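Before I ask anything, let me first share the structure, which is written out below as C-alpha cells.
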Amino acid sequence: MDHILSVLVFFPAVAGLLGFVVSKESIRAYGISVAAIEFFLSLWLWFSFDGSYPGMQFVEVLPLIPSFGISYYLGVDGISLFIVILSTFITLIGLIALSIEKDVKNMIVSLLFLEMTMVGVFVSLDAILFYVFWELSLVPMLYIIGAWGGELRVYAAIKFFLYTFAGSLIMLVGMLVMAYLYYQATGVWSFSITEWHRLILPMNYQIWLFIAFFIGLAIKVPMFPFHTWLPYAHGQAPTIGSVILAAVLLKMGTYGLVRLPLPMFPDASVYMIYPVAVLSLIMIIYTAMVAYAQKDMKQVIAYSSVSHMGVIVLGTFAMNPEGITGSVFFMLSHGIVSGALFMLVGVIYDRRHTKLMSEFGGLAKAMPRYATIMGIMVMASVGLPLTMSFVGEFLSLAGFYQISHTMTILAGSSIILGAVYMLSLYKKSFFGDVVHEKNKKLKDLDGKESMALWTLVLVTVWLGVYPKPVLEPINTSVESLVSFMHKKAMTDEAKSVIRPTVIKREAE
Amino acid sequence: MLEPISVSMESLNLGTLAPMLVAIVGALGILVIDLIKKDLDKTLYVMLSVLILFVDLGAVFGQRLGDRGFFDVMLIDGLAILSQIVILAASMLFIPLALTSRRFHEYSYPEFFALFLFMVAGFQFMVASDNLILIFVGLETASLALYTLIALHNRERSFEAAIKYFVMGALAAGFYVMGAMVFYALTGSVELYKIAEILSVSGFANMTLVLVGVSFMIAAIGFKLSMVPFHTWTPDVYEGASAALAGYMSVVPKIAGFVVAMRVFELLIHSDVVWVRDVLYVAVVVTMTLANIIALVQRDVKRMLAFSSISHAGFVMAAIMIGTTQANSALFLYWILFLFTNLGAFAMLWVSRHKAAVWGDGRFDHPYEKFAGMIHIMPVGAVVMALFMLSLAGVPPFSLFWGKLYIMSAAVNSDYIILALIMAINSAISAYYYLKLIVYMFLKDPSESGRTVYMKNASKPLQTIIGFSVFLTVFAVLAVDPMWEFISTYVQASGF
Amino acid sequence: MITLSHYLILSAILFCIGLYGVYRRKNLLLLLFSTEILLNAANVGFAAISKFYGDLTGQMFAFFIVAVAASEVAVGLGLMIVWYKRRGTLDIDTLQSMHG
Amino acid sequence: MIETIAFYLFSAVTIVMFWITVSSKNALYSMSALAAGMIMISGFFFLLDADFLGVVQIIVYTGAVMALYAFGMMFFDTTREVKENIRAPKLVFLLSGLTALLLVIAFVAPIAADHIKAFYPMVEGVENPQAVGVVLFTKYLVPFEVAAVMLLVAMIAGIILAGKKMDESLTLKIEEEFQEKGAK
Amino acid sequence: MEHMETYLYIALFAPLVGSLFASLFADKPKMLVTGIGTSTLLFVSWVSSVVLLMHVYHGDVVHVKMMDWIHAGGLYIPFGFVVDQVSATMMFVVTTVSTVVHVYSIGYMDHDRSFNRFFAWLSAFVFSMMVLVMSDNFAGLFIGWEGVGLCSWALIGFWYERESASWAANEAFIMNRIADLGMLIGIFLVYWNFGSLQYDVVFAQVDGMDATILMMTTAFLFIGAMGKSAQFPLHTWLADAMEGPTPVSALIHAATMVTAGVYLVIRANPLYSLVPEVSYFVACLGAFVAIFAASMALVNRDLKRIIAYSTLSQLGYMFVAAGLGAYWVALFHLMTHAFFKALLFLGAGNVMHAMDDELDIFKMGGLSKKMKWTMIMMTLASLALAGIYPFAGFFSKDKILEVAFAGDHYILWAILWFTAGLTAFYSFRLVMLVFFGEERYKIFGFHPHEAYRYMLFAMSPLAILAVIAGFFEHDFIHLVSYALPIEEYEVSHTVFWILVVITQGIALGGIALAVYKYSHGGFSKKWEETFIYKLLFNQYYIPKIYDEYICKPYAEISTIMWKDFDLKIVDATVDFIATSIYKSGMASRVVQSGNLSNMLRWMGVGLLILLVAAILYSPVR
C-alpha cells in the first residue's frame, strides 16, 4: 500500500467529519472503532516497516506549492514510526477510558481531528507541512481544554494556545530564513526537511537559526523557563486532554529537536549543548522540587512531566546514538507512563471531583486495584528497571555522560527527586487510613477503565522487559542520523563531540 | 491660434477604459430603470449589479497588459489588472449580501446600487492610472459614493460614521493635493513615471521638499490605508456602517490605496531614498502593533475586526516598504486571501445582525457576549466563524497563513529578519483577540437563553457566499500556487 | 520680485490656516469652510507653479480641485442635513456615540 | 512692481479673511470672510495668468458653493453666534503653527528648475481659456469625465441624503412593523 | 550441561511464578494456597540452587544468555545470567533463608488481612534478589538492585495504614535511590571506559586501565553499595525499616538485600583489588559502621531495632573484610550472618507475636518460661552473633579480625575487636531482658504464648545452620577459590591463638557483663541521664539532623520554588508580558476617543511628525 501514511493522517479527520452523522448514543462506539482502525493501521505500518533500513520509508511526495518549494511530503523512519504508533495508541486508549458525558460528540470529533494533526506532525517531512499540523494541533486541544476543563479552563486554554503559537511563529521565521538560505545555495526553493539537512551553513547562521527553531520547540517541550503554561493546561484540562497533551503533544517538541535543529545545525547544536543542558538541568531539578510542593495530584504529575522532558532533551543533546535513541525511547515511555498517570488521576477525579491529595488517604484500602495500577505507574514514572521509563532514562543519561560527567550526576538526581515527589504523592493519597467518609465507598475501577489501564501497564512492562522490537529500528535510524551529523559537522569540536557508534557490540 | 488637433482612435486605446465604462454605464442604466419603473425589487438590482460587475470583470481580463490609453492617462499594468480583479471580486461577493431576509434601508434605494457601481468605477480609475489628477478624481468619486453608502444604512451611528469619514477624508484630500502640489513644484509634472524620471535625473536636488511631498502623500494615502495615526476613523466607521459594507471597506478601498502607495512610494524606494523606507518601517510596525493591542481590549467583535483589519493593512504595507517583486506579489496574494476571509467574517456578522442592540448596555451590535455558546445553538455557524477567525490569526493551513508566509518570506529574503520577527510576534498577539471570539463561541455557555437566534438575517444567497468563502479559506493551499504564478507574472510585468 | 517660493509660502500659510480651522472648529459647517481653505491653498500653489513653469497642468489640477471641492460641499451638506434632522445640532462633540 | 504690490496686498487680505473664517465666532462673519477670501484667491489667479481658472473660482466658489453654504446656514440656524467648546486651543495653535513653520522652511529654498520642461506649455498668443480647453479635452478628457461622474455622484448623494425618505429608517424597523403596514 | 540451564531458570523463575500466582489473589481475603504455593516454589528454587551449587563446586560455571534487553549505539545489554561460585553461594543463602521465611510467614501472617499480597511481594523480592546475584552484567545487577528496593518499599510499607510504616518505606526507597544514582554513574563509567557492562568483558580489561577512572568507577559503585547495605551516612533507613512485618526484616533487612552491597564489592573484586585507596576507605567505613551501629544497639529499647543495628554492625565487618581484599571472608561472613541473623529476627517475630506486637524489651522479661524453643533458638543465634566457638559466627568473624591483624591494620583490628565485645553485650542484653528476669509483661497485661509448632520447625534449619555453618569453612574456601582470590594470611600459629583467645575473651566478657547486669536489675536510671546515653539513644541525632536540615528545608525550598519563584517570577513574567500588552492596549485607547476633533488632530500630529522627520532627516537622505 503506497499511501498508507496519507491514509493514516487523514483517516481520523474524515472519520471525524462523518462522525457528525452518528447519533449521540453510538458516538462513543464509533470513536473507539475509528481509533482502533487507525491504531491497527499504524500497527500495519510497523509490520511493513523495514527496521534495518535507516532512511525514510513509505515516502509520499506531491508538490503543493511548487513555485515556493512547498510539497506534501510524508515519510517515516525509526524515529517517527513509534511516536506515530504512540499517538494512535494513546488516542485509542484515551477514547476507551473516556468518561465525559457532556457534548461527547464534539469531544470525540475533536479528538479525531487532534489525532490527524498528531500523526501529521510526525510523518511530515516538509517544514511547512510540519508547521501546518503543528499549529493545527493547537485548535482541537484548545477546545478540549477550554470546553471540558476545570475552573480556570479558559485561561489555561488560551495560555496554552498563545504561548505555543508565539513560539512556533518564531520558528516559522527560522524556517523561512532556512528556505531562503537554501534558495541562495541551490537556486531552488525547498521546504523539504531532508533537503535542508544537506545544507551546510556558516556557524553564525547556524546559531541564530538554531535559536529560532529552539524557541519554538522549547515552548512546546516545555523547557524552563517556558514551562508555565503546562501546569495550567494540565491542571485544567479534562483527563483525556491531559493524557494526550502529556503523551503526545509534548513529544512534538522533542521530536522536532531531533528532526530539525540537530541534523540541520550540528555545529550550532554542539555549541549550544551547555546552555541547553543547563536549562534541562534546571528543568529536571527545579520542577522536581516544584512538583514536590504541589497539593494537587495532577499538578504533581504535570510538573513531573516537565522534569522528565528535561531528561529527554538532555538525552537528545548527548549527540551520540545511545543518548538520542534513549531520548526517543523515553519519549515513548513518558507518553505511556504519564498518559496512564493522568488517566489514573482522572479516575479518581471522576469519582470525587477533587484532585487534592489532602482529600484522600488510604485509597489503597478503598480501591486496591486502582492502587495497584497507580503503584505500578508511579514506579514506572520513577524509572524502575523493567519498566519502559528505565530504558529511556538510562540510555539518555548514559548518553549524556559522555558530554559531561557533573551534569549527568546532577541530572541523575531526577531519579532521586522523582522518587521523592512520586512516593510522597502515593503515600499521601494511597497510604494511611481512610479518613474521609466519602472515600470509604469509592468504587474501584470499572471495566473500561481497567481495560485501558491494564493495557498501558502491559505495554509499560513489555517494553521495559523486551524493548528490542522498538529500540532496534529507532537505533538504526538514530545511528545513521548521528553519523550523518558527524560527517556534516564542520568544526573539529563538533566532530569530536558528535560520536557515531565506535564501540561495536561484542555479540557480533 | 492653435492648430486643430487630430487624434486617432487607435492611439486613444479605448479598451483601457472599457471596464470603468461598463460600471458607469451600468450605474446609469440602473438609474434609468428606476426612472422608468419605480418600486422594483432589490433583487433585480442586485442581480443587475452582479451582471454588470461580471461584464466589468470580463473587460478587465480583456485588457492588454502594459497598455496606456487616453494620452497616457490610463495605465493598464499588472497592478491595475490585479487590483481591479480584487476590487471586482470583492464587489461581486459584497453585492449579494444585500439579499438579506431582513429589510434594510439602503437597499430600498436603486441609487444605492448605482452609487455602488460608480464607486467601483472610481476605484478602478484610481488604480488604473499613474496620473495624480486622475487618481485624485477617482479617489474622490469613490469616496463620496462610499460616504453616502455608509449613511444610507440610516441610523444614527451610520451618519456619525459617514460624517467622521467624510470630514477626515476632506482633510486627507487636502493633504493629497498639497503633496501633489509639492511634486508638481519639484518636477513640473503630475505623472508618476515622469516625476520619477525627473527626480532621478536631478538627483533629488531638493531633498527636503521631496520629503515634504512624500510626507503629505503618506498622510493622505495613510488615511486610506488606515495607517496609525491616520487610522482613527476606521473602527468608528466600520462600527457605524453595516457589517457587509464594513467588510467591503476593509478590503476594496485598501487595495486601491495599496496600488497608489506602491506607485508613489516604490519610485522613491527604488531610488534608495532611505527616509521613505525608514519612515514606512516605523509606520508599518506601529500600525501593526498599535492596532493589535487596541484590538485586544475591544468588547465588540466588529470593532475588533476593524482594528484587526488595520493591523492586517499594516502587515501588508510592509510589503510595499520591502519593495521587492516577491513582496509586492505577496501583497496581492495576501489581500486576495484576506478578501475572502475577512469578507466572510463580516458576512457572518451581517448574518447575525439584530435590528435592536439587545446585548449588554446596547452600546454594541456585536459584543462578544452575543456569541457566547454559539456552538450549542448554531454549530455550523460557530465552526464557520471559528474558521474565519483562525484564518485571520494565521493558523495554518487556512488562507491567511499562506499570505503571512509569503510576506514574511519576502521580508526575510530582503534581510528584514527583525521585521519578520515583529510580524510573527504581532500574529501571536493578534491570535488572542481572535481566540477570544472562539472562546466565547465554543467555551462559554449561552448567556441568555431567550436571545439565541443568530441567523435571523441569513438567506440562501448569504449562506452561499459564506460557504464559498469558507471553502476558499480552508482549501486556500491548493489555490496558492496558481494564484502566485498569476500574480507574480503580472507584478513582474509592471516592473515592481 | 515675486518668486515661486513666495507663492508656495503663501500657499503653505493658507493651508495651515485651514488646518488650524480644521483642528479648532467644532461646528461641522464651519469645519467644512476650513476644508475649503485647505483646497484653495493648494489651488494657489498650483496656479503659481503653472505660471512659473509655463505649464498648464497646474491649472488642470486646480480645476479638478475646484470640482472636488464643490462635490464635497454637496455630499457634506447632505450628511449634515440628515444629522441635523436627527440631532438638531452640528456640534462635533455630539458625534461621540462610538469610541474606544 | 504692481505685481509685487498686488501679491502682498492680496496675500495680506486673503490671510486675514481666512483667519477670520476659521476663528470668528459669528458664523455669518465667517462665511462672508470665506467668500471674500475666495475672491481674493481668484485675484491671484488673474495675477498668474490663469484667467479661466479665476473665472471658475468666482463662479463656482463665490457663486455656487457660497450659495449652498448660505442655504445650509439658514437651514441649520447658525446665522448668529456659534457656540463651540474648543479644547486645548494652544495645542491647536501649536500644531498648525509648527506645521506652517516647517512648510515655510521647506518652501523657502528656491526650487531648481533646470530639468523641468513644460509638458503642456502655455503658448504665446493663445488665450488662456482656449489653451485650457485644448488640454482639458485631450489629455484630461478622462479625468474630466470622471469629474462629471463625481459630480453626478455628489448630486445623487445630496438628493437622497436630504430627501424625505431618509426620515424613516427601515434599518431600525423590525420585521413585525412591516407586516402591520402590509396588513393595512 | 543443558539441564543445568534448566536448573538455573527454575531457580530464577520459580519465585517469580509464585509471586505472580499470589498476586492474582492480592486483593482477596486470605487463601492458604498462596502461602503454600509460594513456599513450595521457593523450595523448588532452593533445590535447584543446591543442585547448581553442587555443580559449580568443582569449578564449572553456568552462563546463559536468555535474550537481548537493550541495544542502542554501542551499548549492548542482554539478559545474561551466570552461576559461578559466588553467585551460587548467594543463591543458596537467599533461597535457604527465604524458603524458611516463607514457611514461617504462613504462620506469622496467619491473621493478616493481606496474606496473599504479602506472599506476592515476598516472592517477588526473592526473584529480584536472584536476578541481582545471578546477573552477568552490571545492568542486570541494577535491575535486581532496584527490584529488591521496590519490594523492600512495598514490604516495609506493608501495613500502609500506619503512617510510620509508609514513611519508613519511602525513606528506605529514597535513601536507596540516592545511592543508586552513584551506582548508575558507576555503571556509566564502566560503559564509557570499558565499552561493555558484562562482568567478564569488563574484568578482562582492568589491567592497564587508567587509575583515576578505576578509582571513580569503584567509588561510585561503592556509593551504590552504601545505600543498599545501609552504610553511614545512609544508614538511617534500616532501623526505620523495622516497621515492616518481622519475616520481612529477617529476609530483607538481615539476610539478603542489605548484603547486596557486600556482594557488589565481592563481585567487582577485580576492580576493587586494583584500587587500594578505595578499598581501604571501604574497610575504614566498615569498621566505623561496625562500632557506630553497635554503640547504638547498646541502649536501644526496641527489640527489632537492636537486631537491625547489629545487622548494620555486622555489615560493617563484611565491608572491612571486603575492603581489605579478603573477599571470600566477607562472603563467608555474609553467609553465616544470614543464617543466624535471620534466625534472630524470626525469633523476635515469635516474641512479637506473643507480646501482641509490643517491641519494648523493657516491657518483656521472663518469657523463657512461656517460649522455651524460641528462647533456645535466639540464644543460639546470639551466641553465633557474638562469635562464640563453635557457632558459625566464630569462624567468619574471627577470620575478619585475623585478616585485619594480618594486614597490619591494627587500628581496624582494635575497633573490630572492641565491637565484638559490644556485640556480645547487646546481644545478651536483649536475650536477658526478653527471656529472663522479672516477668514485666504481666504489668502491661500481655498473655504470651509460644509460636505455632511449624513456625518453630521452619526456623530449625536456620538454627542448625547457625550452629554448624562454620565447620564448612574449608569446603567453602574450596568452592570460592574458583572465583575469588584466596590469600593466605601470614599469621603465625601463636599469634593466631592469641588472637582467638583475646577475641573470645572479650566476647565472653561482654556476655558475662550482660548476664550479670541484667540478672541484677540492669543499669541504674542515672545512666539514662548521661549525655552519652542520650546521644546513643537518639542515634547520634542523625535522623533528627536529616529531618531538620535536609527534609524540612527541601520541603520549604520546594514550596518557595513553587509559590515564590515559579508562580511569582516565571509565570508572573509571562503573565506580566501579556497583561502589559493588554494594558497598553487599554492605554492606547485614548487615541480612539471617538471625538472627531481629536481624530483630526491626530492626523495633524501624524503629518507634523512626518514633516519633522522630513526636515531633520533630509540631509541624511
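Every chain is named by a letter (A, B, C, D and E) in the order it is written, and numbering of its residues begins at 1.
One rule holds in what follows: a residue touches a chain if its C-beta (ideal position, glycine included) is under 8 Å from a C-beta of that chain, and two chains touch if they have at least 3 such contacts.
Computed from a prediction, not measured in an experiment: that's the story for all the values here.
The chains in contact with chain A as well as with chain C are B, E.
Comparing chain C-alpha centroids with the centroid of the full set of protein C-alpha atoms picks out A as the closest. With centres computed as the average of Cα coordinates, no chain lies farther from chain B than E.
By count of C-beta pairs in contact, A-E exceeds the other of the chain pairs A-B and A-E. When each chain is reduced to the average of its Cα atoms, D sits farthest from chain A.
A straight line joining the Cα centres of chain D and chain E is 100 Å long. Work out the mean CA point of chain B and of chain C, and you get 26 Å between them. Centroids of chain B and chain D (each the mean of its C-alpha atoms) stand 28 Å apart.
Centroids of chain A and chain D (each the mean of its C-alpha atoms) stand 69 Å apart.
Multi-chain contact residues of chain E (touching two or more other chains) are listed as 589, 592, 594, 596-597, 600-601, 604-605, 607, 611, 614-615.
Within chain C, the positions touching two or more other chains are listed as 4, 8, 11, 15, 18-19, 22-23, 26, 32, 53, 55, 57, 60, 64, 67-68, 71-72, 75, 78-80, 82, 93, 95, 97-100.
Annotation for chain B: residues touching 2 or more other chains are 133, 137, 140, 144, 147-148, 151, 163-164, 167, 171, 185, 188-189, 208, 212, 235-236, 297.
Chains touching one another, given as pairs, are A-B, A-E, B-C, B-D, B-E, C-D, C-E, D-E. Across the interface of their complex, chain C is touched by residues 132-133, 136-137, 140, 144, 147-148, 151, 156-157, 159-164, 166-167, 170-171, 173-174, 177-178, 180-181, 184-185, 188-190, 235-236, 239-240, 297-299, 303 of chain B.
Partner chain D is touched in their complex by these residues of chain C: 1-21, 23-27, 29-30, 32-34, 36-37, 40, 43-44, 47-48, 50-57, 59-60, 62-64, 66-75, 77-82, 84-85, 90-91, 93.
Contact residues of chain A toward chain E in the complex are 159, 162-163, 224-225, 227-229, 286, 289-290, 292-294, 320-322, 325-326, 329, 362, 364-365, 368-369, 372, 375, 379, 382, 384-386, 390-391, 394-395, 397-399, 401-402, 405, 408-409, 412-413, 415-416, 419-420, 423-424, 427, 430-433, 465-468, 471-472, 474-475, 478-479, 482, 501-507. Per the touch definition, chain E reaches chain D in the complex via residues 597, 601, 604-605, 607-608, 611-612, 614-615. Those residues of chain B that touch chain D in the complex are listed here as 1-2, 5, 7, 17, 24, 31, 70-71, 73-74, 102-106, 108-109, 111, 114-115, 118-119, 121-122, 125, 131, 133-134, 137-138, 140-141, 144-145, 147-148, 151-155, 158, 185-189, 194, 198, 201-202, 205-206, 208-209, 212, 242, 355-356.
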